Amino acid sequence: MERELRGSGAALASRSRAAPGPWWRNERALRVLFQVLFLAAVALAAGALYANMLRGLDRLGLTLNVGFLDQEAGFGISEGIAYAPSDTYGRAFVLGAVNTLRVSGLGIAMATVLGLVAGVARLSGNWLVRQLSGLYVEVFRNTPVLLQLLFWYAAVMLSMPPVRRSLHLGDLIFITQRGVYLARAHATGSSLSWLALVGGAALMGTAVGGLTRMLREEPRGPWRYLPWMGALLGAAAGWALARWLLAAPPLVLEVPRLQGFNFRGGIHGSPEFTALLLGLVVYTGAFIAEVVRAGVLAVGKGQREAAEALGLSRFQVMRVVILPQALRVIIPPLTSQYLNLAKNSSLAIAIGFPDLFNVGNTMLNQTGQSIPVFGLIMASYLAMSLFTSLLMNLYNRRVKLVER
Amino acid sequence: MNPSTAAQAAGARAGKTEEPIILCQDVHKWFGSFHVLKGVSTTVARGEKVVICGPSGSGKSTFIRTLNRLEEHQRGRIVVDGIELTGDLKNVEAIRRDVGMVFQEFNLFPHLTVLQNVTLGPAWVKRQRREEAEVLGRELLERVGIPEQAHKYPGQLSGGQQQRVAIARALAMQPRIMLFDEPTSALDPEMIKEVLDVMRELAHTGMTMLVVTHEMGFAREVADRILFFDQGEIVEENEPEAFFEGPRHERTKLFLSQILHH
Amino acid sequence: QGGILQKVKDRGRLVCGVNGGLPGFSNLESDGSWTGFDADYCRAIAAAVLGDRAAVEFVPLTAAERFVALQTGEVDVLIRNTTWTLIRDTQVGVDFAPTTFYDGQGFMVRKSEGVTDLDQLAGASICVTSGTTTELNLADTMRARGIDFTPVVFEEIDTVYNAYEQGRCDAVTSDKSQLAARRSVFANPDDHVILEATISKEPLGPVTVHGDNAWHDLVTWVVFATFFAEEHGITQANVDSFAGTENPEIARFVGTTGNMGELLGVRPDWGVQVVKAVGNYGEVFDRNLAPLGLPRGANKPWTEGGLLYAMPFR
Amino acid sequence: MTAVAWARKSLFDGPFNTALTFLSLGLLTWAVPRLVRWTLGARWEVVAANLRLFAVGTYPADQLWRVGLELAALAALILASLWAWRGNHPLGRRVLVALWVLSVPGTVLVLRGVGDGALPMVRTTQWGGLLLTLVLAAGGIVLSFPFGVLLALGRQSRLPVVSGVCTLFIEVVRGVPLITVLFMAQVMVPVFLPDFRIDKVVRALMGITVFTAAYLAEDIRGGLQSIPRGQYEAAAALGLSGPQAVALVILPQALRAVIPAIVGQFISLFKDTSLVAVIGLQDLLGIARSVIANPRWLGLQPEVYVFAAGVYALFCSVLSRASQRLERRLGVGER
Amino acid sequence: MNPSTAAQAAGARAGKTEEPIILCQDVHKWFGSFHVLKGVSTTVARGEKVVICGPSGSGKSTFIRTLNRLEEHQRGRIVVDGIELTGDLKNVEAIRRDVGMVFQEFNLFPHLTVLQNVTLGPAWVKRQRREEAEVLGRELLERVGIPEQAHKYPGQLSGGQQQRVAIARALAMQPRIMLFDEPTSALDPEMIKEVLDVMRELAHTGMTMLVVTHEMGFAREVADRILFFDQGEIVEENEPEAFFEGPRHERTKLFLSQILHH
């Protein structure tokens, strides 16, 4: 130790500047040294892996290139953007990516709604609702999502009635083991009708708005029946309008029709897509419910009390005071759930939905180019994850509390 | 005791003759098996200022929170401004519209601006139009001395400012009664005065006020009457002078000696 | 290194890659054992090398990982309904032993649809396994004929048939043997027909890693041994009675003369072990595939007009 | 409170709640009889007949005693630990920690065995069912934990290179699906390391470990961030070196703070082991799929899946209950 | 001023002649672009008790934290007990072993018992045997008056008790210098006294002490010298009597009026 350094105070003080000590004991030097060593170790490991990989590829008679992306894929894909087996592998991969985005986007939206409802229900004053929601969360959170997907597909979707005996709601929705078919509205060129429709909607909207305001301001007394009368009148007017519109409809309904083996027309969700969507939504919804519950509970008791003391109703307390604050607690874990949903969509492979991973896997099997294909798959998921995180972080910044 | 005589008694005590605005009759409350309020009976006349004090845990907060049903009482009657507090949601709503409350920890809504905090009640409960509510809100902010802070968020204000916003928020509902639960005890000493000033001013407008506080200067100056709580009961009840000069109970004396010594 | 043969001997056990669940070919039974045509060929090889039909470790493999498993030595031999193609033979780094099962890709549909010809499948959904030649053949054929269809593609064979049987698809396409095997275990096998049309050749057989010739030879000759035994009427029951045979070729087969075993690097009586273990080809077929209602078809000895032809044992 | 009063308060307070109650009742009356009928009518013999497959896969019947032995040993270890936790130290903490560390190679030894002799080799390809699921889950936990701690510390490091590399690793792994990591491990590892033949189960375990470690690292980082600066400073002022401060002061507190998150991670790890079924391992779900594939059990998918789901749910809820209790216990020392 | 004369001056001031145990020479520190310490020079003689006071944000904490390298200074020299504070890790280690520190928020290790808190340093830094460290630890707990709390966890103690444990923990390293950063300001009034008593006692043992505090009673009684900080500089430096009776600077006067008024 540096006891020698201790001379007399004067001698010590008169030394203009003490040496900073040998470099191997110097904080800064050590820091730099350690980092250099660390980086070298990482680079070395990566290099060794790379060399090994080249050797391994050589042994398997494979090369590293992505030229195959321009080759003809040759295999069929059941759903997604326009594609034929004569298209390239690249096109097939894009199709998979679009399918993944489609199911993830829709799934995220639906899971959010389900999770919000279930989360709030778990805090409901209604005992039965609380228990049911709790049961839902427990069951679906505690079983593997893969198992759930298989269940939704094999035990639910495939046991729907066959095409010719579809479950249906009028001509609008058909549920069969070939999937779900929805009627689709098509715009026609009849602009006059459009004008009438928009104008009518605007009129009705104003009327309803005015009436509700009236209702708000004078909730008691005989006036409260006025909106009902108004609504009745409005409905009658709407019916008349509708009859007139039907003569020159601005929208036609494209109804799914049975043609040959299958339905044609309308919006079609294949059983694979529907099962995947259902499975992901129900699974993730259970997690989001917990996130929402935790978020709501994280809002201080004082907030609820203050809001109640102001006379806000239970719904208003939730909607105006609790949820907006819960949001900032909710968003980070919610983001992870969104990412999880998107990533879990890769399990589509188990039930045959042609998502990014499934198509990629087929490509890999057909071309044997495992490393480039894997690189592509992982990069795509990574890009998706990063993009989602980015969006959510931006949103998070917006809902963050302003503090001193 | 018959409620009407109780009311008259209270009225007489406060030097007024109308019916009481708050009537409590043998109010009991338990938290689980813990008996917090053990038969509290009192009346408050319209316009009266009542200060409530007592040792920690004696049930002061619980008492004033039962008055607007933030806590439910289990026995006895509470009538506020002619409306009886029962399980009926309508009554609870009506009473809450009549009673403003200010908490120790302010409990402002941190995600709303100051002005939004103040206009929230009028807009959502009274269904006032926004402009109308905002005009009122600005007036109130003026009254509590922070008109320039309208568009800041609570997190950007000092404690004293926050508490003044809380008072403005409660006033925005134009309540007939204001409840204060230790409104200054979470504040730094410099800020206590600014809040007490606002309360003092409010008292002069003739508002009925129930204030839980240990600020004995304020009590002496503003209160018409002081209630001393201990272990869930009103142990002593008197006008300020009499209360401070001649406390009758041992517990009151002990408490006062501690408080005033501080 | 000594090669795979030596490794198997040292280990005392053959590691055989099979399908995770294909009725008739390889199936996991409730007691943990494996049964089926492919499983029996694994046992035959084990019997030839080690004299013990039970010295097999079965490794269920997915279609995607089968070649990697073979190349990395995770399995010694792959007997998992793998089609012999030029690309696989040349580029994937594997060698094919003689075909044990000549198959062709066909279609199965519900009788009630009244379909008899491929062209009638226009607009149909067709179930198929992903990552296989089947998938490519389907796309090729339909494209060539200009038939529009919807492929419904699954990783797992089991899912394919389940989806078809439940009505998810109008047709299912695969090797005809597989179709028949699967149909036999449907709830109502008679409701389904396998169409006449065969759209591809699917020769299936054992696969070994490219470059280990000794091992490849052994696997090849084990297969021939089962053909040979059938050609000469040697069965599990009567194999011992050939110990004193006069027929020189059979004598070489049972190892009483010649050094066939030595040349292959195994014991002299390896042929007998194979037959004792699983029987001749016909027996293997009858035990595993006949119950599924599969006809022998092309899989008959050449002497009966089939394609099975054992090379001379000399 | 009387039953009527309770019902009024918690079921029928207000028109909205009443409507909800009736809606829920409607749902229940629709679902419960159907569920009961299905449960009673289901052909559960498929479970009974394949119980051994579900439990251990193709593990040789004459070696099953080893699984039993292993289970008994682990149970004893767990009980002893709980005992020690309650304050009675029959063994002493050090011995227990040593036993836990030894339990890993011990388990491998007992289950896998060596050569012939008393413990003949049972290769991992023969492990299956719940046994494999548990091995993967437990192995994943044990291996990913130290890895996760290192990653978290690395990411929190003040050295930009170290924290950069760790952050990159964590973010990349968290940004891709587990199944791609498993495929990587299964298909790529042999390509990357052509000279080593790594066991299939070990490869799956590698994938699971890497994946879980990245998530754990983030949980642990949360714990590290929750430690007030004052703790670092107090440790430094005492003269503890950096590693000492981390090991003695920071980590114990950080880990304690994130126990719920860690257990949550382990629960999802347990569920996620089911993905190995997709890469051809015969874990509980893999066996379930094999059983369904067997012609003998055709059409019994719901039974098999429900059974498997039940097993997973059982383990998961036991784990989460345990974590809740642990949390409550740990809260004690802190007042 | 020449450092050697400064040192001598300090020694003379404290009525002692030995070399200074702490020597600061034109110490500067920036947080980013914010200049916190603007050339602080002073010396502390062995055994001297120095109280540091000044308004909030004036750099008092930062100053004493640079003394054991919890903060790095960017210009100037600091020599503690003959060891110069540089980037040299050995020196930092040596100084930390020589200097004990007590924080405002105690910073006890909540996962360790009181005794473990106290023995942690000796056991791991000085590599003492456990029994040895425990004997010392118990002695110290005795000295700060809480021998019976040895096996409790910090969370189970009152603030005053916690701070006494923190003092014991710092003493366990047998430092030559003790730094205190507002050791009583996070305490409730009743507990302040018990901590100050321990510090007073410690002062009588002849330990060198630097204490940031606003407890002027303590300063008057114990300090050999008072340093008054403002805006990163030592504005005034004097013996207690002189400091309190005749502050020379405006800022000091203002500060004292606020403090003493409080």
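To keep things simple, chains are lettered A, B, C, D and E as they appear, and every chain counts its residues starting from 1.
Here, a residue touches a chain if its C-beta (ideal position, glycine included) is under 8 Å from a C-beta of that chain, and two chains touch if they have at least 3 such contacts.
The shown structure was predicted, so the numbers you read here are calculated from the model rather than taken from an experiment.
Engineer: Name whichever of A-B and A-C has more C-beta pairs touching across its two chains.
Structural biologist: When the contacts at A-C and A-B are counted, A-C has more.
Engineer: With chain centres set to the mean of the C-alpha atoms, which chain is at the far end from chain E?
Structural biologist: That would be chain C.
Engineer: Provide the C-alpha centroid distance between chain D and chain E, rounded to the nearest whole angstrom.
Structural biologist: 49
Engineer: Chain C to chain D: how many Å between their CA centres?
Structural biologist: Chain C and chain D have C-alpha centres separated by 39 Å.
Engineer: Go ahead and note the Å separation of the Cα centroids belonging to chain C and chain E.
Structural biologist: Inter-chain centre distance comes to 84 Å.
Engineer: Can you give the whole-Å distance between the Cα centres of chain B and chain C?
Structural biologist: So the centre of chain B lies 88 Å away from the centre of chain C.
Engineer: Going by the touch rule set out above, which residues of chain D reach two or more other chains?
Structural biologist: 13, 187, 190-191, 194, 278, 289, 301
Engineer: Which residues belonging to chain B are in contact with no fewer than two other chains?
Structural biologist: In chain B, no residue touches at least two other chains, as defined above.
Engineer: Listing for chain C: what residues touch at least two other chains?
Structural biologist: Expected reply: 64, 68, 71, 155-156, 162.
Engineer: If we count contacts the way the header does, which residues on chain E are in touch with chain A in the complex?
Structural biologist: Per the touch definition, chain E meets chain A at residues 3-4, 6-8, 11, 18-20, 23, 25, 77, 79, 81-84, 86-92, 94.
Engineer: Under the touch definition given earlier, write down the residues of chain A that touch chain E in their complex.
Structural biologist: Of all residues in chain A, those touching chain E are 1-3, 5-10, 12-14, 17-22, 25-30.
Engineer: Which stretch or stretches of chain D touch chain A in the complex?
Structural biologist: Residue positions touching the partner: 10-11, 13, 17, 20-21, 24-25, 27-28, 159-162, 165, 171-172, 174-180, 183-184, 187-188, 190-195, 267, 271-272, 274-275, 277-278, 285, 289, 301-302, 305, 308-309, 312-313, 316-317, 320.
Engineer: Quick one: in the complex, what on chain D touches chain E?
Structural biologist: So the residues of chain D in touch with chain E come to 228, 230-231, 233-241, 244, 248-249, 252-253, 256, 333-335.
Engineer: If you look only at chain E, which of its residues touch chain D in the complex?
Structural biologist: 65, 68-70, 93, 96-97, 99-101, 103, 105, 107-111, 120-121, 124-125, 153, 155-156, 166, 169-170, 173
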